Structures are given as C-alpha cells and as structure tokens.
Amino acid sequence: MFQFDTLSLVFTALIILGVVPNLFYSYGYLPHIERKAYYQIHYFAFILSMVGVVVSANALMFLLFWELMSLASWQLILTEAKEKKTLDAARFYFLMTHFGFVFLLLFFLIATDGNLELGFSAMHSIVAKFAYPTLLFFFIALGFLSKAGAVPLHVWLPYAHPEAPSPVSALMSGVMLKVAIYGLFRFLFDVLYPWPLEWGVVILVIGSLSSLVGVLYALSEHDIKALLANHSIENIGIILIGFGMGMIFESMGLKILSSFAFIAALFHTFNHMSFKSLLFMGAGSVLHQTHTKNIEKYGGLIKAMPVTALTFLLASISISALPPTNGFLSEWMIFQSMLGSSHLGDTSLKLAIPFAIFALAMTGGLAIACFVKAYGITFLGLHRSINAKHAHEVNILMRAGMILMALVVVTLMLFTPFYIDWFDKVLTEFGYPSVYERIFPEGIWHMHSVNIHGGVVSPLILLGALLGVTALLMFGYKVLDVKERIHRTWSCGYHASARTQYSATGFAGPIRRFFGWLYKPDEHFSRESIEGDSSKFSDSHYEVHVRPLFEKTLYQSVGKSANFMSYWIYRLSHFEQTRYAAMIFNLMLGVLFSYRIFAHDFSWATLMLEGAVMIISIKVLIIGDKR
Amino acid sequence: MTAYLLTIVILLLIAPLLLSFIKALKMYLLYKRPISLLQGYRNFAKLMQKETIISKEASNITRIAPFLVLAPLLVTLFFLPPVVHGAFYVSFVDAFTITGLIALSTFFLMLLGLDSASAFGGMGSSREAFIAALVEPAMVLTVFSVSMMAGDLGVGQAGVNLAAHFPREHTASFLFAAISFFILLIAENGRIPVDNPETHLELTMVHEAMILDITGVYLAIIETAASVKFVIFASLFASLFLPLGLQYALPIAIAIFVFKLFLIAAAVALIEVNTAKLRLFKVPNLLGIAIVFAFLSLITFYVLGA
Amino acid sequence: MMLALLVLPAAVMFIVSFLKYRKAKFLLPISSFAILLPIVKLFMLSKPYAILGSYLVADKLDTYVLLVSSLVGIGVTLALLTLGKHVRVTDKAYRRFYRFFAIFWVGLIFSILANHMGIYWIGLELATLSTVYMIKTNHTLAAHKEAWNYMIVGAIAISLVLFGIILMYASAKPILGERAMQFDLLLQHAKEIPSPFLFEMGFAIAMVGMFVKMGFFPMNLWLANIERASFYPVAALFSGILESAVIIGFFRFSRIAMQINYVHLFGFVFVYMLLTIFIVAFLIFRAKDFMRLFSLSGVEHMALIALFWVSGGTFAALLHFGAHAFLKPALFLSTGVLESNGKYRIAGALKGYSGKKGTLFWVLVSLFLLAIISLPPSPMFFSELYGFGAMIQTAKSSNHILAMIAAILLLLILLSVIFYRFVAIYQSMKYEGKAEEKKVYASELLALILFAVCLFVLLLPATFDYLRSIV
Amino acid sequence: MGADFFIGLFLATLIVALFTSRLYRLIFWYSMNSLVLGILALLVGKALDDKAMLITGVATLLIKAVGIPYLLKHFSEKFQFVRQIQPQIKTHYAIILIPAILVFTFYLSEPITHMMQGNTNYVAISISSLFLSLLLMMEHRDVAPKIIGFLSMENALFLLGITATEGMPMLVELGIFFDLLMAIVVMNLLFYKEETQS
C-alpha cells in the first residue's frame, strides 16, 4: 500500500518543507477568502494527496492520490472564482491534468497487467516482457511532463497559477510540480530501467527548450504571478536538463557522472521549491496589498514592506543562480555534469551537448535580467499607482511564512553537504555507487565536480568572503563617517516622478525586440499630439501583449477542429423517423455483411464489395438526392 | 604567499592606472593632450572628499548596493591565477564561480540603476541586462573550452597548467577561445564598440546611465569596481591566453605580467580608437560572433581529438 | 410463491391506480416502496434459485441487477411525491403513471429474472410498451411526438431482438430441442452448436436491436429527446432501470457468444462502441441542456459497460453498471429540481439554494456531477480503472497490440472530451450566472441521499468482493 | 411441398405492399400476408403434427389476418388518417433494391450448414422479408404505414419461427401475441390527441 524508501522520504521532506511555512502564510491570508471552510477542506486535501502520491506503493493508490491531487488543486483555483478568466484557467488546467492522467493510466494498465495492486518493483518484470518499452516511456513522459509543465505541455501554468489564491499558487508551483518530477524518478528507475540513449536525449532536449521558452515568456509578462509561473517552466526545464544528462550518462555506462547529474537535478528540485514558494508568497503579499497583479502598478514597495522586499530579494538572487546561493550551487552542479559530456564516447553527442549548455547559460542570463526587472519595478523607484502608495507590510502570519521559507532557502545554502549526502542515499538505493565522498573529498568546505579535472566551488568560504568583504567596506564607510544628504539628485534635470521612471515594458524592451521573431508581440500605441505637432504630445500610451506561440498554433487549432467536428455530428444526428429506419437498415446490412465476410470466408474482394454496397445504399437511403 | 598578496595589491593599485592609461593613449592617438596617468587616483581622492547625496526616491538598496557591487569583484581578485611560478593560488574556485561573482555585482549595479526613480537609470539597467544576458552563454562556453584545453576548470589550476605546457595541438581552438574572450572583455567592461565610457550623451550610455544619480563615496566605490572588473578580465586574459613568463623570478615575472596587462589595455584602446560605438541592437551581432567562436573552439577541440 | 411475492406490489399498484378516491394518492407510493421487500428476500436466498421452473431463475447476477433497479425505483417514486411542485401534472396522469409503472415493473421482473430468451423478450417488450405510455403522461405535443418516435424505434429494436433470438434458437435447436431457449443450457452447450455462423448472425441481429434500444450508434439523439420531453422521473426510470433490463440481456447473450467465437464478438462490440462513443463525445461537446447532456452521458456509460464486459472486466462492468444506475437517476431528479422554474439555464443553476436543505442539495448535486466523470473517490473511478485494465489485457493477448492500444487511447481521449464538457458545465453551474431563490423539497432530497448512500455502499470492500464473486 | 409455394406468396404479398400508395390497400395486402402466414403455419403444423403450431396458425388467422386489419381500418376512420401514402423511395430505386436484398440474403445464408433438412432458404427469405418490412417503414412518413411495417416485421419473425425452427415454445408464441395486443392498445391510447391540446 505505502512505502517509505529514501526517494519517497526525500520528496515527503520536500513537501513538508514547502508546506509548513505555507501553512502560516495561508492562515495569514485566510481572512481575505470568503469561502473559508471550502478553502481549508481542499487545501488540506491537496496537501494530503500530494503526500499520498509520493508514498504510495502501488498503481491503484498512486492513481487515486494523483487524481485527488488534481481535483483538489482545481477546486482551489476556483476558490476565488469571480471573473471568467479564472473559470477558463481552471477548466484548462483540469483538462490538461486529465490529459496527462490518461497517459499515466495507460502506462499503469500496461505495466501492471491489469492487477493494479501490484508493487512497482513487480511491474518492472512485466515491463521487461513488454514489446514496446519506448511507448511506455512516452506515456509517462507525457503524463508527468504535462503536470510538471514542460514544453509543449506548459501552456496551462501561466493561466492556472496566477488565478489561484497566493498560498495555493505557492504550493502548486513550489511543490505540486515536484511531485511530477518524483513520478519521473520513481518510474524511470523502478519500472522502466534500463534506458536506451535516446530517452535521455529526448528529456534533455525538452528540458533545454522548456528552460529557454519559460524564461523568455517570463520576461515578456506584466502579471507578476504569471511571470513567476513562467519561471517555474524554466526551472522545470533546468531540472530536466540535469535529469536528461543523468539518463544519458547512465545509458553510456558512466555511473558516477550520472549519479552526480541526478543529484544535481534533485538538488535543484529542492531549491526551486524553496525560492519559488518564497517568490510566490512575496508576490502574494504585494498583490494582497495593492490588489493588482499588474507589475506596472507597483513600485517603491521596499519602503512600505521591508520584510517582503528582503525575502523577495533573497529569492531573486537565488533563482538567478548567483553565488553563493543554493540556486547557484545546483545550477553549478548541472553545468558540471554537462561539462562531463567530454567523457562521452559518442562524438556527435559531444558536439550536441554544448547547445544544451548554451541554452542553460542563456537561461541564466535572461533570468538575471528578468528578476532585476521583477524586483526593481516592484520594489524600487516610485510607486506607480495609488494602491502601491497606500500599501503597508502584511500581517504577522504571512510575514512568518515568508521568513520561514527564507530560512529554508538559507538552510539549503548552508547545509548543502547534508542534503547532497541524502540525495546520494536515494541513488545508492537504486544501485548507484555513492558519490558523496567524491563531491566532498576534503570535508564540507569544498564541493568538487566528479568529472576529471572538473571544477570546485566552496559555498561556505565564498559566503564568508563576500559577507566579510562587504562588512569591511561598510565598516570603512562608517569610519569615514561621510556626510549624507537626502536631496533631489540630478536625473538629467527632470523631476523624477512615477511617470518618468522606467516601466517593466520598457525594461524588457531590448530583449523583447531582439526576440521579436519569437514573441510576435501585438503592440498598441496611441498618443494625443498637441495641435498636430509630431514631436510634442500631451498624452501617449504604449502597451504590448505576447501570446505564447504554442498556444496560438497547437492548442487553438485543436479546439477549432473539435468544434467543427461536433458541429457536423450534431447536424447529422437530429432524429427523424424515416432517416433513422434507413440507418438501422444500413447498419443491419453492414453488420450482417461483415459477419458473413469475417466469420465465414474472408477475402479482400468481398470486403471491397461490401464497401461499395454500403456506400451506394447509404447514398440512396440516407443522404438521398438533392432537392 | 607573499607573491600572492603582492599580486593582489599590485592589481588593486594599477586598476585605476590602466583605465586612465587607455584614456590617455586614446587621446594621444587622437592628437589631443593626453591626461595624466594619475587621473584615476585623483578622481578617487576627490570623490572620497565629497559628501554623498542620496536622492529622495532612493531606498536602502542605494545604501548597500555599492558595497555589494564592489565586494564580489574584490573577492574575485583573490581567486585569480598566479603570476609567478610556484606562487600560492586559490585552487578551489572555478570559472563558473567567477562568472557568477561578476554577474552578482552586475545584478546589484542594475538594481542601483532602478532604485533612484530616474528614467536614465532604468534605461541603463535595461540595456545592461540585455547585454549581460547575451554575454552569459558566450562566457560559459569559452570557459568550458578553455577548461578543456587547460585540463582543469579551476581558474588558478588552469593558469598554471597552461603555463606549464601550452596546448600546442589545440592552437586553433585556443585562438578561437581567445578571440571570443577578448570580445567578452570588451562587452563586460563597457568599452567601445559596446558602450562608450566617455560619452556625455545620456541616451547612448549604458554603464554610466546606471550611476547617474550616484555621488561622492558611492560613486568612488562604483568607479573602483569598474576598474577592478577591467583588471580582473585583463589578468584573466593575460594568464589564460598569454601564459608566458611565469618561470622567471618574482620581480621579473610581475613586471612581465603588468606589461601584459598594459598590452591588453593598449589593444583595447586601439580598438576603441578605430571603431565607432555600435547601436544597442547591433551589439548582439558582436556577441553572436563571440558565441560562434566559443562554439568553434569547442568543436575544433573535439574534432581534432583530445 | 416467490413469483407471487415479487409481482404482488405491482399488482396492488395496478389495481389501486384505478381507484378514484384521494387515499389512493398515498397508497401508490407505499405499494411501490414495497417492491424492495421481496427482492431483498430473494437476495438472501441461496443461488441459483428457481422461481418458475427453468423459466425464471434467480442467480447472483440478476438479483444484483434487480436489487439495484428496485432501489432506483424507490428513489424515483420518492421524488415523484413532489413532482407536482415542480411541473404541472394532473391527478389522472399521476394515477396512470403508476398504472403503467406497475406493468413496467412486472415486465422488468420477468426480463431480468428470465433464464429463457423468450420470456426475457416478452418482459422487455412489456417494459418498453409501458414506458411508451409513461412518456405520454407529460401532456405536451413534444411528449406526444416523442412517444410515437419511441414507439417506432422500440418496435423496430424489439422485433430485431426477437428475430435474433429465433435465429439463435434455430441454431441450437438440433442439439437442445425445445430447451434451446434457456440461457444456462445454451451456455453449457455453446461449443457444440452445429452451426455457429447461424448463431452469430442471430446474435448480431439481436445485438443491433439491443444497442438501438439503448440509444447507441446510429444517431444518439432520439433517446435524449425522449428524456427531454418526458417528466424527469420517467427519464430517471429510463436511464436507471430500463437500460439495466437491456444490458442484462446483453450480458447473457454475450457470454454465450464468447464461448462460440470470442474474437468476432470482441471485434464487433469494440468497433460498435468506439463509433458510439465517438459520436456521443462530440454530441456532449455541444449539448446545451441538462437532460440531453445526462442522457447522452448515459449512452456513453452503457457503451463503456458493454466494452468492459466483453473485454473480460466483468467486475468492472458490474461496478460501473451499479454506479451508473444510481448516479444517473440522481442526476435526472436533481435536474428536474434545478429546472423547476421551467428554464434550462445552466449558468448559475446551482446557485441560490439556501438553508440546510438547499446547501445539502447543491453539495450532493455537485458531488454527483463530479462522480459521473469518474473523479475519485466515485465508484466509477475504480470501475474505469479495472475496466480499461481488462481491455489492455485483451489488447496484450491479441496480435494487433499497437492498433488496440491506439484504439484505447482514442477512447480515452474521447472520454476526456466529455470530461472537459462536464467540467465546464459544473463550473458554469456553480460560478456563473446570478443567484435566484429556489426551493428543494424533503422527498427529493431524501431520494438523492438514498442514491448517495447506495453509491457509498458500492465502495465498500465487501461489495467489491461480492461483485467479484458474481461471475 | 406446398410450403414453398406459400412462402413465395408471402414474399410476393410483402413486395406488392411495398409499392402500394393507398392506405386501405396496404392494410389489405398486410392481411393477405398474414393470411398466407397462417395457412403456412397450419400446413407445417399438420406436416409435423404439432399442436402448438396449429394453434398458432389459427391465432394468426384470427388476430393478424382479420382482427388487426379491421382495427386499423377502424382507427383510420376514427382518427382520420391520411389515406394517400406516397412511397418516399423512388420506384426505380426500389426495383433495384428489392432483388438486391434477396440476393444479399441468400448470399448471407449460404454458409449456414447442418440446419434440419437444409431449409436455409427459409432463413434467407425471412431475413429478406425483415429487410423489406424495414424498407416499408422507411419509405413512408405517416404513422399508419409505419405500424403496418412493424406488424409485417412481426410476420417475418413468425415466418422464421415457423419455417426455420419448426415452431417456438408455446409460451413464447402466446407471449408474443399478448404483446402484440398490448402494442395495439398502447397505440390506441397514443392516438388520442385530445390530451395533447392541454
């Protein structure tokens, strides 16, 4: 029924780490929710079902909890369903998650021989006998990645996460996506092991694409929660890159490297949980104070909400993978594992993987840009709206939640060796050699990459050095006791005001313009020029929206075709006695004819004959001739 | 150990000198009366005298950011490769960390630009973000290929290895890596053609625009940070791509090293004189070249076989 | 003896329905509640239990079906008490409804308990004809028209079934003689049938008749129209009971056909169901009002049950059958309540129910709605898991495995189209539109609670074991 | 034996019924059809001296050949049926269709082996008459011809029952008759329009 091996425990721990601060936060948030009972029921159901998923030991339990998780999260999105947007988002989310469920269901049914109480390890032997393992791989890839929100199944995230109440979006983005990652780990290792090389490559490619797409769309977002949701896509991509490298190394027989890569993926999973939850909480607090998700309406909030600002800053640094934060460490590990590709025997692969490296590095750079934008526009400068002006710090519970989550981030930063050791155990349970000794050969101070003359990083020393030097400098500044004066500085002679300062749209401008071929933004520009003068204008308004490419191409066309088909079928199926009798006539004809052919003596000729007869009689009796 | 500390001190000291050397050289080439090489120090001293004016709109970020801009760079100074054979060097830091540290300082610089709600600060940050985002991948790839050739990712170790046995069999990829790194040096330090440090037209500024509203000591710190950054890149280039003359005795080695730095500075100056500043949206092309070269060096490295 | 017991309540109902005086109005429901008692008694007896020689034999399967049907019947009559509060219904029509309900019930008992193709058919025909009139208890032109439609369709379907039965009988007569109409004997001697082709032909014709009667492919709208036009309890009876009478026939016939040639059977049913569900999915995708929606989904579920059964997932089929038999009437009844002010406005239909009763009502309805798309922990979730499991097993053992898996995938995709539609409906019922004061009465609520309890009972492990033990 | 002749007649009457365009004539042909069926039943019953089948035959003659046609005529006067009934399906289609059906059914029943004294043709004919009566239902829009189509479908069943299986169990046959009467009753009730005016 349930199992508690290290993998399950690790992910249970992840859920707990994600949930405990969230509890505080959501109780701080609760007064602003009308349907409190509804919210709490589903909130706890959601948490329990997530735990249930990671500890369940047979297919039945897994599917049950998985579907419960989707159900609960869907209901949670609907908690504050006021406008149509929310409803659409919820519906879309539920459809997507059910779509994934379909594939999981197929996978399990094939892998368990219909006996759903079967343990996972028992499934392995069944799968070994199954003729098309790649089919199974695609099933679970589709199943879990649609939940994790990897390209091209990511479209629901930027809709669903913003519409949920902030604690919930923190949970969904921080924890729920990781449950999908758990699924990948569990079933690739327990059931589908060993893998051919191609699977790893597939995962790697998906990962690289997701990371780039995610961060690019994040940059073009004005809705802060949607921005964060897009970053979840990016981070899932990064995790998948690590995962894919692990799979590749594994199938190339480089156990050590692959274990290192998997550890990196796990580590990044944890990190993303921590800082993404923190970011969503911060965004939630801001939203809760300013009653808008539009980043252009913020500004100068650092003065009003110092705690939020500080925690948000920490999280931003961490998610931008800047040293010495935990985000940097996990991304460093993933980079290292990719550099390990120089040990691969396969030259074409060797030459291909640098592209993944390029994607990851690019992502890093863009992420920095994106979070400078998010942080700078939200918290710095002048307030851009009345609400932002009147914002003040959130209540104690919410603050407590954010601070606790910040502590989680810090612990991940400080106690990296401990976590690594733990993740190492996960892999040793799957029969990998322990690599902890190779990562931390001389104590916890230095963190080595396992590939030959790979790099070294020493997080603690780095942290110490940075803090030390900064403290020293500040001390020096104090000693000098420089006269400080607060005054209007020369901003090129303009009065600095909310209208003159840079907007988020403007900030992302260069990048948006550079990637215009991808965004295809639709821009709205209007201005009131003074008596037809082209240069002088009293008021002007510029606004740009970016609809994701996949949505435009993939999803809408599917919707259209469904509509079309249903329309025709509906027209056909209006009941009318005579036509109906005719249909039964034809049906009988077809059925009996087929039985005659298939049951007695099959030959293609007769089959063709049947087809012809059917067509004629349908034409004559049902369609009739045009009047 | 002494060599190690000495190098750091020297680097710190000549940091402003290098920048003013570039400026002077440029002026000389343009038939102007070159400024004194000590100009950098003078500016520093002058700024240290001044009071700091903090703009009304600014928040605490302005109070802490300058230090956080400088600190990572100072830390980085300690991680550079040795200039003389057998000198102490930090073995436990690799190129990624250094990239990260530099990115960290850029991050805070950008925040600083956004903090004082002036239009130009934001503009500067936005442009800086754009450039930095494109620099990142080129940087990583270059580092990757260099570490391949040096046989170690640790910067210090890499420098030593390269000095010990120069990768003759990989001259091609070595060259490509060098080219791309040099472009990165220019881009990261905001020299022409990417950015013009001497401009007085805010609309074309990148680095300067971010610090328009910074005064006094803070400005001094930022300026120092800029010069230190240049020194870091220069010395990285010197010890990774011109790994010569480490075997001599300490004074000579240092002299050679400093000479190399000046050589690089001169090269930068020459480029600055001979090229015009690119429009912002042309910059990606330059960085694209860097990225391509980085790829090339990797590919040639693999194809020609390690 | 037992037979007399079974028929007695119906007979009482029939007679009482002719009495004019007012007490009758209360006697009728009581007599209809009484239908449960003998069935419970029957349920207790040891199986197989011969009620009427070899003609009516009670075994585990049909007592289960009968029990479910009687529970549904009780629920429906409960809701019937306050029918007048929601729609205009004359006293005469009310009594006449009960009169035909009695006939219907008798026919049902015969068809479900029958161990004899002929008896089965007779019962089915009785039930059909009586429902034809039950439709007409609603005095609208639409209802009249639909009653005629049903008359015609039912007539065709029924005659096809009989035709098939005769052919099967003919195929088995050489070995079994007159007793060739008994299901159990046929099942035992299926292998020895001299001319399997004749049997299969008969089977095919009979199946076409049954499928048409259940509203499968071709065109699935007539059933929807009928259920739209008739009073909602009638619709509930349709989906809850009449279908069960048909499906049990399908169970019995297909078990014999399995013996004869499994591949043919499976291919036939699978293709047929795939077509049905394909059409139904897109019809549901466009469906605009409750009744149509639910009756279409009823068709879908019947198709699924048939599929599960033929692919060997008998447990899944029975569980699904039970779940559907309880869920669908519940939904129809609640629909009747939701539409009480005459309009089918989906947006905000669940809003505006206040007070204890109201709250309980909308909670129940939303639970049913989510259960019908087989979200956990509804019994349908489990039944679909097991049913599809069985299907996959068949796929694996067949030699077109990839094609089969593709077909099953298609099936699942179609189901998720339906899923999407239902989610949309649920959301708009709950969150769109504006709230207006609505009332719900105790009896309807009682019926819903009854159904909810039955569903819960289905989930108990004991029930699972019982269902597993049936076949 | 005579059976084949009468089976031929049966089919013939049915086919003629397909082409009629007047209600009363349609009813007449239906009664002819049932008459032939009844005689057939009697013949076969006598041949196998099977009491049950004799009873069936008599019942058929009484109910189907006389009773139901009379009732229908009665209804048609009572409820003013449309008596002008044009077949929907064009004659030239029908001319092709009917033989085609016959061919098909014979092709269909060809593999049926070891039936008692190889009367597979009876199966073929009854299936084809089933199809034909379906055709009868298809080609008319009004209710009355549809009913007649339904009834002749019933006849086809009986034909099958009589010829192919040499009689079904008594119980079943009586049940079928009962249901038939029931159907008529229900139809009668359905014809009452006066309720629909409310």
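The letters A, B, C and D name the chains in turn, as written, and every chain counts its residues from 1.
Here, contacts are C-beta pairs under 8 Å (C-beta built on N, C-alpha and C of every residue); 3 or more make two chains touch, one makes a residue touch a chain.
Treat the numbers as computed from the prediction; the structure is a model and nothing was measured.
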item: Per Cα centroids, the chain farthest from subunit C; value: B
item: Chain whose averaged C-alpha position falls nearest the assembly-wide average; value: A
item: Interface with the most contact pairs, given as the two chains involved; value: A-B
item: Whole-Å separation of chain centres (CA-atom averages), subunit B against subunit C; value: 79
item: Where subunit A and subunit C are represented by their mean Cα positions, the distance between them in whole Å; value: 43
item: Distance between chain centroids, defined by C-alpha means - subunit C, subunit D (Å); value: 31
item: Subunit B and subunit D: spacing of chain centres that average the CA atoms, whole Å; value: 100
item: Contacts with two or more other chains, residues of subunit B listed in rising order; value: none
item: Sequence positions of subunit A contacting 2 or more other chains; value: 577, 581, 584, 588, 592, 596, 600
item: Subunit C residues counted as touching two or more neighbouring chains; value: 152, 156, 160, 197, 201
item: Interchain contacts (touch definition) - all pairs; value: A-B, A-C, A-D, C-D
item: Contacting residues of subunit A [partner subunit D, same complex]; value: 577-578, 581-582, 584-585, 588-589, 592-593, 596, 600-601, 613, 617, 620-621
item: Contact footprint of subunit D on subunit C as seen in their complex; value: 55, 118-119, 121-122, 125-126, 129, 132-133, 136, 139-141, 144, 147-148, 151-152, 155-156, 159-160, 162-163, 166-167, 169-170, 173-174, 178, 181, 194-195, 197-198, 201
item: Subunit B-facing residues of subunit A, complex; value: 299-300, 302-303, 306, 317, 320-323, 328, 332, 335-336, 339, 342, 347, 350-351, 354, 357-358, 360-362, 364-366, 368-369, 372-373, 375-377, 379-382, 445-446, 449, 453-458, 461-462, 465-466, 469-470, 473-474, 477, 480, 482-492, 494, 496-498, 500-503, 506-511, 513-514
item: Subunit A-facing residues of subunit C, complex; value: 149, 152-153, 156, 160, 196-197, 200-201, 204-205, 208, 212, 217-222, 225, 261, 264, 267-268, 279, 282-283, 285-286, 370, 375-377, 381, 385-386, 388-393, 396, 401-402, 405, 408-409, 412-413, 415-417, 419-420, 423-424, 427-428, 430-432
item: Touching residues (chain side subunit B, partner subunit A) in the complex; value: 48, 51-61, 64, 67-68, 70-72, 74-75, 78, 91-97, 100-101, 103-104, 106-107, 110-111, 113-123, 125-127, 129-130, 132-137, 139-141, 144, 147-148, 151-154, 157, 202, 212-213, 215-217, 221, 280-281, 284, 291, 295, 298-299, 302-303, 306
